[in-house]
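Each chain carries a letter (A, B, C, D, E and F) given by its place in the written order, and its residues are counted from 1.
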Amino acid sequence: MSSLSCLVCKSDFSVEEDATTGEIVECSSCGQEHEVHAVHNLITIALAPEIEETWGE
Amino acid sequence: MSSLSCLVCKSDFSVEEDATTGEIVECSSCGQEHEVHAVHNLITIALAPEIEETWGE
Amino acid sequence: MSTSEYGVKRVAILGGTGFTGAEIYRLLSKHPLFKVEFVSSESKAGSPVDKHFMAARHGKKSNALKFSKIADLNSNYDIIFSCLPTGVLPQFINQLSLHADYIFNVSGDYRVTDLDLLQKHYPETLKHEFVGSSYYYIPEFSEIDHQVKVVNLPGCMAVATIYTIYPLLAHDLIENRIVSDAKTGSSGGGKTTTEHHAERTNNFRAHKVHGHRHKPEIEFAFKTYFQKEIDLQFSTYSLDLPRGIMVTSYSVLKEGVSEIDVKKAFYRTYSSTPFIHYFNSNTGHNSNPMIKTVAGTNYGEVGVYIDGKNCVSIASIDNLIKGAGGQAIQAANLYMGFPEETGLQSELEGAWP
Amino acid sequence: MSTSEYGVKRVAILGGTGFTGAEIYRLLSKHPLFKVEFVSSESKAGSPVDKHFMAARHGKKSNALKFSKIADLNSNYDIIFSCLPTGVLPQFINQLSLHADYIFNVSGDYRVTDLDLLQKHYPETLKHEFVGSSYYYIPEFSEIDHQVKVVNLPGCMAVATIYTIYPLLAHDLIENRIVSDAKTGSSGGGKTTTEHHAERTNNFRAHKVHGHRHKPEIEFAFKTYFQKEIDLQFSTYSLDLPRGIMVTSYSVLKEGVSEIDVKKAFYRTYSSTPFIHYFNSNTGHNSNPMIKTVAGTNYGEVGVYIDGKNCVSIASIDNLIKGAGGQAIQAANLYMGFPEETGLQSELEGAWP
Amino acid sequence: MSTSEYGVKRVAILGGTGFTGAEIYRLLSKHPLFKVEFVSSESKAGSPVDKHFMAARHGKKSNALKFSKIADLNSNYDIIFSCLPTGVLPQFINQLSLHADYIFNVSGDYRVTDLDLLQKHYPETLKHEFVGSSYYYIPEFSEIDHQVKVVNLPGCMAVATIYTIYPLLAHDLIENRIVSDAKTGSSGGGKTTTEHHAERTNNFRAHKVHGHRHKPEIEFAFKTYFQKEIDLQFSTYSLDLPRGIMVTSYSVLKEGVSEIDVKKAFYRTYSSTPFIHYFNSNTGHNSNPMIKTVAGTNYGEVGVYIDGKNCVSIASIDNLIKGAGGQAIQAANLYMGFPEETGLQSELEGAWP
Amino acid sequence: MSTSEYGVKRVAILGGTGFTGAEIYRLLSKHPLFKVEFVSSESKAGSPVDKHFMAARHGKKSNALKFSKIADLNSNYDIIFSCLPTGVLPQFINQLSLHADYIFNVSGDYRVTDLDLLQKHYPETLKHEFVGSSYYYIPEFSEIDHQVKVVNLPGCMAVATIYTIYPLLAHDLIENRIVSDAKTGSSGGGKTTTEHHAERTNNFRAHKVHGHRHKPEIEFAFKTYFQKEIDLQFSTYSLDLPRGIMVTSYSVLKEGVSEIDVKKAFYRTYSSTPFIHYFNSNTGHNSNPMIKTVAGTNYGEVGVYIDGKNCVSIASIDNLIKGAGGQAIQAANLYMGFPEETGLQSELEGAWP
């Protein structure tokens, strides 16, 4: 478990150690989606890209 | 297995011995639906009632 | 999911030829733990049940199960699902209570218990005394009470409205003035609606601007079960759609409440509800709640959008499933101790467009 | 109506291949006093106008009038109807002003004049300075000002909203908090909308919950022209309909205001407006405003419904006609001193269902 | 058009609360030469006519004219328009004949006169003997016969089919085997249709694959009035539209017949019919017949498309207008010697999209 | 169904942002034996696949799988599903063949092999030589040939037509003249269709009266694979529906053929096809094929109706599923030796209305 801080609401939340790069993890407090960036086994996160979800357009 | 004769196309077809009253059995030749009438272990059939299938009306 | 550890329950459905009764019959035909053994219809008593259902169109049909009149229900069942027009169940309730452990009821009869409200909105219900116990139950928010006989599911537009405002009220985030604008498809009125297709189609119109029975229900629900007095304006509109409800609730944030407070409240409320999904990103109109993606499913979609003090929360559901039949099955699953999603997941869900 | 006493006016239409331009062309083909002599299209310049129009399907067609590019407009016209996407008219406005007495403009460019609002909502407009005078004009509520060059018609959802709340604000009947819930058909976005039919159909969804440009327009209109500051929540939704808008505005009556006060205000406001009809009886849902009965016409329907302090007012119009092209013609009729209804009455109006 | 040279005719409408009766009432409210003085309804007798009509929504209403029962018709009228369900007019026909010069009848009762066909398809009609004379009349193809009392308009799908094949048969261009595939909107069944909106919407389905009453009507029409025996396969389908019919007829050209022969035949047939328009260019799907551009009008669109020996002819009309009420008025105009288009032209016709 | 005995296959999808590609992705997300590891899109390469799909709306999303350009496909897959516009696959086919055991192709490229037909209808296909082997495969009627590389699924309207006439031709029951009238929803044209929602909605119109590419395909299929020369008239029409196809075929029975012969032929043909259901009772219009009950499923409905010598056979399917994506998965199941229905059964199938 990695403990991370939400980039929006600042709450702490945890991510499984085996989270893979690209995985979406939600802040357990506000639900903000973050994308996992794993660097040398150290998990960092970024806000999930706010690309428009085009869903079939 | 009971052997029965289709009431529409006259072909023979068979019905499982344990068919229950009210069960729908199709003629294996033309697909006509028949309703099973079991009398004293003897299976007889009638054309399945051609009531309009109202389906939710 | 292995269901072998659970015992199969015997089920009766009342009002099986109606829109909601048909949905329950259809859904239960794939449910591994509920077995339908009685289906009522006064108008089609004696006729094979499967002949009536579009749902049986691509499956195997049997003539074995025939519709029966309610008065002929005299075996015992674990569960009765009651899908009768409001005012009918009370005529049979005392007798039926003897034949079932629980009655899951989608009609309006016992949702409010205040005498004045009953007199005003449910005069038919009051005509028959019910000696048993009854309970208003929303799977996402209510506790299970195994002592009651009748489990009343919420009204379809009522519950969609409740999904929009529950997190706000539970976390005390908004002023008590709420405006809810509810739009519904045509199956909401049941199979006997007289509005002609040619009139309904290619139109959008106000249905009940004031006076809809779901308004006192919502107010009563928040007051009785959640101890919140709200000042609600509730209006309903008619869509040219077969199914689906969308409700938007407009409210004003209390002083000091931030967007992130609101998002947290919604996220927490719906993070583990298997059927209500909160969409917290807002990137393009396809990420907002809509009707098309919930129609035909037991899912609900919820979104909340803040602009300064203005709070706009939206929910969409299928009126016949999450607003009625699916909701009742979900409740029954929970009451029976079955996994909540049993028989309600869709393998082909999500077809688009 | 005898029209022989009036002189026929020469007309140019900009954006004639668009949805609103086509409506103006179609309506004017039956108008006895406006003669269309120029129609712009960049994409179809040189091609006969009548070939393009479904409206000419059952009429006589001519090859005489061909589409021209805007840059080729160099004769003089009494009137230009401008139906260009927001941001385009400003590129040509100074030049066009020399060639017409009046420009009736359905785009958003000059509706607000506040610099901050322009910067935020109409940055394209600001790119080109316009040296002439411009004016926001609602036929039912505004005075004619013959001094201006550009007559800006209101936005389609903006004006429908204004119809719902003008009588309330003009008579000072409500608190200043207003919630407006606006639903619109798919032609509202113009002919280049990319949403696929298969996605739009059989759906209802939120379009812009916050941030729609018609919100500042409504606020600005009430502030500038009617000296009213309002606190408006304005959200828009997408209907599976080709045309039509319905807006419901929710407000709260001021202390002491009665239902009859409200009804009087609506009745007075709309008793002599030939195109906006206030429905003051409320007997069944067919007496409420709806979209089907205004689609294809220049009519608007307005209703107001009071329940205690709760005031709900509703308006419906056709976005392309009363919300754009018909509105512009109505305005032009009034500016030219013609009878207001000239060319806008429908002999076959009211088909049902 | 100056109508002062003609005398105004007094009119009665039977079945005025029905879909076709309402259309006639609406259309005649703008007709300069027909004045409606009697409107029947059994269910609403005594109630003001204008209250009932959506068409009166944006017009002036009066309480003067009230619905009456048919049995109470005892003044004399120039014309009766009969819009009753098939089987009802025969109950009153002998009595009504005494009170009108002509009865224009949109129901099926007297369309076929062959006894076998009547027995099979119109047993209700046969129950009452009619002592007067009756006539099948298609405005575009039939001669006026002033001697008859009852002028029967064709069935809505029948006449659309006739429009597709009349030029082919009249000019002897095709083999006698014809397949006609007819699709119709939901108002075709009248106001009492029981199909629920939720079932009809978002669907397309076969209605009557065999056995529709318009098949013998079409065959009978060609045999009796045009001396052509045809071998017709006629099937009908249900569209999710409020109004409109499209019929495609598939036939095979006789040896030696060319595409140009066919186009000439259609062009000649429809070059001077004010309401039926033959589209002879085929440039993109918008130049083909469609329902949207005829709905709400008395127009019909016809196209014919040849590929080798294969002939495909298509027609679209509005079932309630060109297929019923408008057709009857057009016929009455012609019978009275009025200009054919009186009261049937639409100023706002052609709205798109 | 226990699937543990089978090995999971690695899958690539080409054209994953398209309507049919999206359906395959959605369906495979629940398929126990196919695992999608590559999804192509030129326009969205690099972006997470799940963000794009409405189907992922109520499921768990991952950012792990990203869209790739086709040119970047360089791993090996058991199966490629190709959902590219006609003309695109041939550009990549020789390269792709190296990376997959089978390519299941829903585009039109290799359906006909006759050079003249290719030249006329598929000029783009001819531009690139394909060195491998290719095959036209209808799951219900074709044999599996494990030697081929490219398995071409039939066109959506072609296969619906084939379902209507295959039993008749296979049993030699009809004359060779067949008229097929095909109606389709709007997703049939793919996501780039330019027809505006406002134009398509509330309309029904002819699409291609002559010249549709599915006509030579049907003729070719019967000729090549079933040795039947037919004389086919094939016309297509546009429905205001998002999905679904209905085809009616009109034919004439050969001398001496009876209704029961026809019913037997249909019954035998479809008695054991898990997805095509023949409805042999005809009691009311709900027992006929319709679109609403197949939309969203891999089912097809077939009916046949005899009146004397006249034979009318009808089929309905969902164009995106049974007409494309579901069909391809069904084919892949059969090729892999999996149970035919794997991943294609719907637990919530049959919602009504």
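Quick notes
Heads up, the rule we're going with is that a contact is a pair of C-beta atoms (placed from the backbone, for glycine too) under 8 Å apart; a residue touches a chain by one contact, two chains touch by 3 or more.
Protein names from UniProt, one per chain: A, B = Lysine biosynthesis protein LysW; C, D, E, F = N-acetyl-gamma-glutamyl-phosphate reductase.
Keep in mind that this is a model prediction, so the values were computed, not measured.
Fewest steps needed to get from chain B to chain D, stepping only to touching chains, is 2. In this structure chain C contacts its sequence twin chain D using mostly the same residue numbers, the overlap exceeding half.
Chain centres here are Cα means. That of chain A falls 61 Å from that of chain B. If you average the CA atoms of chain B and of chain F, the two centres end up 34 Å from each other.
Mean C-alpha positions place chain D and chain F at a centre distance of 46 Å. In chain B, the residues that reach two or more other chains under the touch definition are 48, 51, 53-57.
Multi-chain contact residues of chain F (touching two or more other chains): 19, 22, 53-54, 57, 187, 191, 196, 198-199, 202, 240-243, 286, 352-353. Those residues of chain E that touch chain F in the complex are listed here as 177, 179, 181, 183, 196, 198-199, 201-211, 233, 235, 237-241, 244, 246, 248, 250, 252, 285, 288-292, 295, 303, 305, 307, 310, 312, 314, 352-353.
The touching residues of chain F, counted against chain B in their complex, run 260, 263-264, 266-268, 271, 278, 280-281, 283-284, 286-287, 352-353.
Residues of chain B that touch chain C in their complex: 20-24, 35-36, 48-49, 51, 53-57.
Taken together, the chain E residues at the contact with chain D in this complex read 19, 22-23, 26-27, 30, 53-59, 187, 202, 242-243, 277, 286, 293, 296-297, 299, 301, 320-321, 343, 345-353.
Residues 8-9, 26-33, 48, 50-57 of chain A are the ones touching chain C in the complex.
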